[in-house]
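Next up, some structures in structure tokens.
Below, chain A partners chain B and then partners chain C, in two separate complexes.
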Partner chain A sequence: MVTSITSFGRSGLYDWMVQRVTAVILACYTVFMIGYLAFGAELTYDMWTELFQCTAMRIFTLLTLLSFAAHVWIGMWSVSTDYIKPTGMRFVFQSVTGLLTFVYVAWGIQILWGI
Partner chain B sequence: MNKKRPVNLDLRTIKQPLPAITSILHRATGVALFFGAVFAIYALGLSLESEAGFNEAVDMFENGFIAKLIAWGSVSALLYHFFAGIKHLVMDFGYCEELDSGLLAAKVTLGLAAAAVLISGVWIW
Partner chain C sequence: MLVSVYRYNPETDDAPYMQDIHIDIPGGKDIMVLDLLQLLKDKDPSMAYRRSCREGVCGSDGMNMNGLNGLACITPLSAVVKDDKLVLRPLPGLPVIRDLVVDMGQFYKAYEKIKPFLINDTPPPAIERLQSPEDRAELDGLYECILCACCSTACPSFWWNPDKFIGPSGLLQAYRFLADSRDTATRERLADLDDPFSVFRCHGIMNCVNVCPKGLNPTKAIGKIRNMLLSQAT
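After this line comes the complex of A and B, so read on.
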């Protein structure tokens, strides 16, 4: 069996499943946000902060943020292993991806709880 | 394996069937979204930081050409990735895997995404 130490769950099947579950969560958030922004009332600062101060919205957003992290880690990993054959370059690419993903998560949490 | 068998991996000379095009676009938009997230998170942070920040963000999306372009590009990529992602999930459940139904699914995906990209363009501009 081929094992990989850099995949997300160390098993292709597990990764496959995680990518699908996270895809559904990302899809829900996408539908919600587009619905809110495009079909809701004209946005004001008060409405906007009120929305993100609500615990349910924070939970939903954090869930999406973490799903995003898992989804892109698996996704970008697949892309990098398909196209970047030299190990060193792939390592660099995956490191940058991982670092940027971590920055997104930390930054997002700071925004959410900094309101 | 016969090493001398002819191989043709020159992408420019291979005719890509429609489902192959939807697939590579799904990949390209996925990667684009990963990097585009910088702008989305920046805009979210700015809009929630203070009332002045919120107004600045609104002004940016209403008057900034580059900001509109980035927003439209990101929303388009997201909507395409969204529809193609749903097609992917449908196929994971074993539907639309035949030649003709697969082609139809690819056409529907491209059609829906094209419509969504146009509508979002109108919305942003």
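After this line comes the complex of A and C, so read on.
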């Protein structure tokens, strides 16, 4: 048993499951967006605004945003523990990744509810 | 043919280097790489490599031949030589002791971690612990591992974290004991593996399956360990 204090959920199984569940959510959102843009009517500003003013779409987008954050953390944590061996450098990389992810989530929420 | 061999003697060399040797195969026969090594050693007795059984059972002569790990004793030249050239290197990722001889310490430590022995807390019967033929069949494809390290040293996850990731060989053995009907420590064994490194650093690239000289499938065994962890989780 390897003790890890910076992984997403401390358990390998939990991280593995979260990575897969969030991947499905991200895939669903991507498919929806491609479908909406490719097969919907010609896109106008009003249609785009209307789409994101819908509560269901906001919930779906927020879910995707949070899934993205969890997915990114698990993936980047894995990459950093593979390739960055000095603890200090790895800590800086993980801190920047965590901070950027948080900024994207907070910014995304502001954009989503600011429409 | 041209053979390019990784050479390093820490007592005399500052750094490893590749030595190119031209050699004629007697009779133009399709010999094994181990036989070729013996021919090279006849030319240069300072060359070091491990060998023992010369029939793919002991796992001593694992090495990297034209980029692919395998056992020199059961790999014919025709299977690896390209453009009349063969590049021989030690198993990747492990410290080199000399020439093609690597320090297997880290590999054995990973093996030791999975407790490679039967644990059974019930009183032993008078003669032996019996298994049904079906239970015994569960161990097929697992017990045959000869610990040659070809798989683990072909695995990038093992290269980057040999002290934390058990590696394909160790995990194949871990499943061999998890699947054994006579073993009673399943819960403890699984608890020891449920961290982000030991099992879950496997990304399923299947290099291990590609190189295993015994034709075993560690990726499948790792998948089964994952399923066992999933099925006992709440």
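The working rule: the second predicted complex is superposed on the first by the 115 of 115 C-alpha atoms of A that agree within 3 Å, B and C clash if a C-alpha of one lies under 4 Å from a C-alpha of the other, contacts with A are read in each partner's own complex, and residues count from 1 in each chain.
In the analysis below, a contact is a pair of C-beta atoms (placed from the backbone, for glycine too) under 8 Å apart; a residue touches a chain by one contact, two chains touch by 3 or more.
Everything quoted here is computed from the prediction, not taken from an experiment.
Overlap between chain B and chain C is detected when the two structures are superposed via chain A. In the superposed model, A:L63 lies in contact with neither chain B nor chain C.
Once the two complexes are laid over each other on the shared chain, residue contacts for A:I109 go to neither chain B nor chain C. By the touch criterion defined above, A:T81 lies against chain C but remains apart from chain B after alignment on the C-alpha atoms of chain A.
Looking at the superposition, the partner that touches the larger set of chain A residues, chain B or chain C, turns out to be B. In the superposed pair of complexes, A:Y45 makes contact with chain B only, with no contact to chain C. In the superposed pair of complexes, A:S11 makes contact with chain C only, with no contact to chain B.
In the superposition on chain A, the residues of chain A contacted by chain B and by chain C do not overlap at all.
Across the complex, chain A meets chain C through its residues 1-4, 7, 10-13, 15-17, 78, 81-83. The touching residues of chain A, counted against chain B in their complex, run 20, 23-24, 27, 30, 38, 43, 45, 48-49, 52, 68, 72, 75-76, 79, 97, 100, 104, 107-108, 110-111, 114-115. Residues 27, 30-31, 34, 37, 41, 44-45, 47-49, 51, 54-55, 58, 78, 82, 85-86, 88-89, 92, 123 of chain B are the ones that touch chain A when the two sit in their complex.
Per the touch definition, chain C reaches chain A in the complex via residues 156-157, 160-161, 164, 191-201, 226, 229-230, 233.
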